[in-house]
Amino acid sequence: MSVRHALLALLSEGPKYGLQLRQEFEARTGEVWPLNVGQVYTTLQRLERDGLVESEDAADEGPQKGFHITEHGEVELTKWLRTPPDFSSPPRDELVIKVLVAFELPGVDVHDLVQVHRRYLVELMQQWTRLKEDESRFDLHFALVVDAELFRLDSLIRWLDTVDGRLKRAAAGVSVPAPQSFPLPKARRKVGAPE
Amino acid sequence: MSVGVLERPATGSAPEPTTGGIPARRAMTRWAWRLFKREWRQQLLILLLVIVAVAAVVVGAAVATNTPPPANAGYGTAGDLATFTSSGKQPLHLQSVVAQIAALEHRFGTVQAIENETFNIPGSTQTYQLRSQNPHGPYGGPMLQLLSGHYPTGSNEIALTPGLASELNLRVGDIWPQGGKTVVGLVQNPQSLLDEFALVAPGQVTHPTTVNVLFDAPGVNPGRIGSNVYTPAQNGNANPINPDTIVLALATVGMLLIALVSVGGFTVLAQRRLRSLGMLESMGATDRNVRLVLRANGVIVGAAGALFGFALGLVAWLAYRPHNEQSAHHLIPIFALPWTVIVVAMVLAVVATFVAAGHPARAITRVPVVAALAGRPAPPRQIHRSFVPGVIALVIGFFMFTASGAAGSSGVIWLIPGFIALIAGIILMAPFFLALLARVGRKAPIAIRLALRDLSRYRARSGSALSAISVGVLIAVVICAVAIARYSNVYDYVGPNLASNELAVWSPNGQNGNNPNPSAPTLQELQSQEASVHSIASAVGANDVAELYNPAPSVGLQNPSGSGRQWDGQIYVATPALLRAYAINPLSIPSDVDVLSSRPGLSGSGVQVTYGGGGGKGGGQLVGPGSGDSGGSGGPGPGNTNTCSPEGCIAHPVVQEESQLPTGTDAPNTVITESALRRLHLAGDSSLDGWIIQAKSPITSAQVTNTQALAATNNLSVESKNDAPTSHEIVNWATVFAIALALGILAMSIGLIRSETASELRTLTATGASSRTRRTLTAVTAGGLAFLGALLGTVAAYVGLAGWFYSNSLEGGLSDIIDHIPWNNLILIVIAMPAVAMIVGWVLAGRDPTTISARPME
Amino acid sequence: MSYLELRDISKVYGEGAAEVRALQRVDLSVDAGSLVAVMGASGSGKSTLLTIAGSLEDPTSGEVYVGGRALSSLSRNGKAQLRRQSIGYVFQDYNLLAGLSAVENVSLPLELDGVAARKAQSAAMESLDDFGLKERASHYPDQLSGGERQRVAIARAVVGGRQLLLADEPSGALDSTNAEAVMRLILVACHRGMAAVVVTHDAQLASWADRVIFLRDGRIVDQTLPVDSPEAMLTKLPNQ
């Protein structure tokens, strides 16, 4: 989460005070990510240093100090919005590592392990879903954030389901013969650009 | 939920489960009705079958019951009729008649007398009645109708029938030539349009030849009142096989066919609704509710078909009624329909579809709910493939037909269970043969194998279609074989009386003449008759007139066997003129030939010539012991032969078959040669019976009417071709019927059968099957069903026929049908029809399945 | 008190080599007013669990109690009556009878139970109104969208005060927005006191349930603990 660019985006709507920026940030992210005032001002100082924002007449430091976006800042914001996050290399996901480790360890029932994690994930999802249930506080920003989290957890559960399935097939001795003329690439973990 | 408490017929805790009662049944029926409205197109073929069948019953029954004269013809509304007729030249003794009428009136109350005096139409042999009838009399109303003008009232007025008026060239307002009466109106007898009369006011007929007295004597035996008293009941209803019964029997067979065909249709329908029905069960519908949906659908189809069929039949009848009045010679009231027959037929239609829908309804409730919900039909049940029950049914059919044949004309009763047994045999054997077909095709290419296996697997559809085709073929083959056998009987010859370009003119002095006591005509009469005959000939554009002579004393032919059908037909003398008329060279006939005949097979039949009183029983036109069709009296055994005494019979005459001779039953189809007459010392004693006229082209009915007028002047009578069908007509129509029926059944069944495997077909297409595969599948399905149906129907038909001919004394035994198999027609039915079915299937199955993946919203 | 109770349920299909043990010694109880989700891979026996719970199939062994009544003690007609009066089904697709309008579809179970058509229809109308489908009442299934169809199906499953709702992948054919709407309706029905079982392989659907049962190879292998209060979630939010 780039607080830096979020603040830039808020300022692109017009000049704002520091406190106002914090309130609007929390509102727009569905109050899922709380932000302290210090964080706001540190970020604003860095932005000012980089010439992306300018403070209105450097009169009074403090919550009443106003900021506005510079031309350079606008360019930076547009560039950031259109630059996709780096998904090219798999994150060092702890769940994946745990399951991979469990495969190697003797005496560990991977099905059980998978189920433990699956249950935990479903419980988490249940809690997120509970939040959706109360529609009165369920505005669009909040919904999008909750959905994103649900889909993320869901994708992990699906991965666990697949682990189960592969394990079952391996146990049953089913293997799909790999076509000889089409060897698997060796550098499988480096599909995209390196970190 | 918000709706917590609702009235229920019973509380949920009741130990005995409740059914939904009337609301549930109503809901199911409503749904069935909606489905019918949505999907009537899928049921269109069943619907059309019912509509056509019911419409045919309406028209057929209406024509059949209305064509004979009405039962009360001549009676009006009265229950009894006393006739007083003058005998010979003696006029009626009026005082006595008046006294008897008074006696009747005294005894039974109201009477109505109608006096008739017979007159000849001037310049004609035809007669008319001068009639006095009170138009407002108590009973005579139905016998008198005013067409125009008014009824005669005074002694100076008269009304005529249209026929008489045109005969005499009179119109309303003209003066009646005899007696100076004025024609004041046109009248007719609605009960008999042939009744030509001139109506005068009551009391104006002074010298009646006939007096009819109408009165009502309910419950009194007419014979007790007098020998001249009749009731309408004496005329009709003597025959148990009246037209109604025949129409009803045909309707029953038709509905049976419909039931057979629609089983397949309803099965597919049930299959298509499988998931809906599973849904219904998951909602808590009982088995009975589920069955009700399908049965209600059947009833709706049947009822809709019956109603539309009735409407269609009514319209057709109304359109045909005027023609029927013309040919039946009496007026027919618009709604003079045999309501009982129609209502029974409509009920039968509903019953047939109800029964047909009931079969899949029972099957569907055996499918587990979970399978139904998944749209998985129950696996086809192990087919009962035994051959035995079918054979047993056929054997029963055989014996029923045997019993029918042995019982002669009263054996019709046995034919009904006989046909039912044969049809049951067909239905029972169908699965066996389908399985056999699948086994035969086991090594065939995939498309053929698949088609044949599906036929065997999905028996409900293919079995019913197969049975329906077989039953159609069965009926047609029976008609063909019987017609061929009957028509090929050389002794009792049937067929049209004459060819369409032939006209027979009968002398009043001959055997076919008008004169009941023929005597030799005077030379003058003969010349006058010949002049008439030649004017008749020129009226039809013919110059070929041959005289027909009867040998005298008469000569006959006889069947050497006393059993079986006996000789029927006139023997004429083969005069040179007659031979010339039929382009036969007299020199081509050896002098030892006795008889020439166009009847095929006569020369080898062992026929004998009788003359001068020789032969079986009396000479001449021989009437054998088993005469006519009533051969049931004890059944003549094989030892029963007709006598052939040497002094009056030639046991082994020389018969030459001459195809040039005409084939009509009243034409000279069999003639005796002059040389034979000489040998029998009968030459020179021939008598003129009539003339045969051959026109160059078929004679129109207008020409016939014209010639009848010409003939009337000399008391001659003219005979033209009647409506009797030839054997070819019967056989060909029966064949066309069988083929059309079979193809029609196939047209609707193939769609049904293939729809079962439509998903398979989609899969096939998806896996790259060409249209050729689809074509082969459909063609093999159609061809296989058609061939099997035709074969099964033919075999069943011959099983029944063998039984009937085996025991029927009138026919020539088993050999009669074995020798006269209509090969051409059988080949058409068994080989050509399946071939056509295959070709049509091949051509029509080429289209790509429209939806590969989509499942239609159900 | 549990409205639906499965005790030691086993279900075996086929015989010999083709034998499939769809369910093995499954115990499950569902309280009135609670929503239980059953999760499992395909072939885990979750659909069989539902059909057995809903009396559409008989278990090979074990006993099912619905509202305190043992299903094995009921005749075929008795089960049909139980389904009419107490159990509502919702399936993945194909839920409505073609040829009947939405309101007629909803009123059908009532009519099957002997409620006069007019009363059944007005009850159905209320049920549809609850689900915001009043103006679609006279539409036929093929005139409704997939989501609407499924909502009508739920209205039909709950109409007439039934107490057990069984749903098999109720949103399988729907997009996520419509799926959520369907689950909300099922939840509403639960809040009004129905016991509900939803069978699914979709964690997002299952997460609406009070309790999630995990089924593997015909056995219950795990289940979730009672859910914390939703507010607890907010404190766990990752802080960046």
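Read from first to last, the chains carry the letters A, B and C; within each, the first residue is number 1.
Here, contacts are C-beta pairs under 8 Å (C-beta built on N, C-alpha and C of every residue); 3 or more make two chains touch, one makes a residue touch a chain.
Note that the structure is a prediction, hence the values are computed from the model and not measured.
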Relative to chain B, chain with the most remote C-alpha centre: A
A-C or B-C, whichever has more C-beta pairs in contact: B-C
Whole-Å gap separating chain A and chain B, where each centre is the average of the chain's CA atoms: 89
Inter-chain centre distance, chain A versus chain C - centres from mean C-alpha coordinates, in Å: 35
Rounded Å distance, chain B centre to chain C centre (Cα mean): 64
Chain C partner contacts - residues on chain A that touch it in the complex: 1, 3, 31-34, 111, 115, 118-119, 121-123, 125-134, 150-151, 153-154, 157-158, 161, 164-165
In the complex with chain A, residue positions of chain C that touch it: 39, 41, 180, 184, 187, 201-204, 206-209, 212, 214, 216, 221-225, 227-230, 232-234, 237-240
Touching residues (chain side chain C, partner chain B) in the complex: 51, 54, 56-57, 74-78, 80-87, 89, 91, 94-95, 97-100, 104, 107-117, 119-120, 123, 126-127, 130, 141-142, 156, 158-162, 189, 192, 194
Residues of chain B that touch chain C when the two form their complex: 1-10, 12, 17-24, 26-27, 30-31, 34-35, 37-38, 275-276, 279-287, 289, 368-370, 373, 857-858
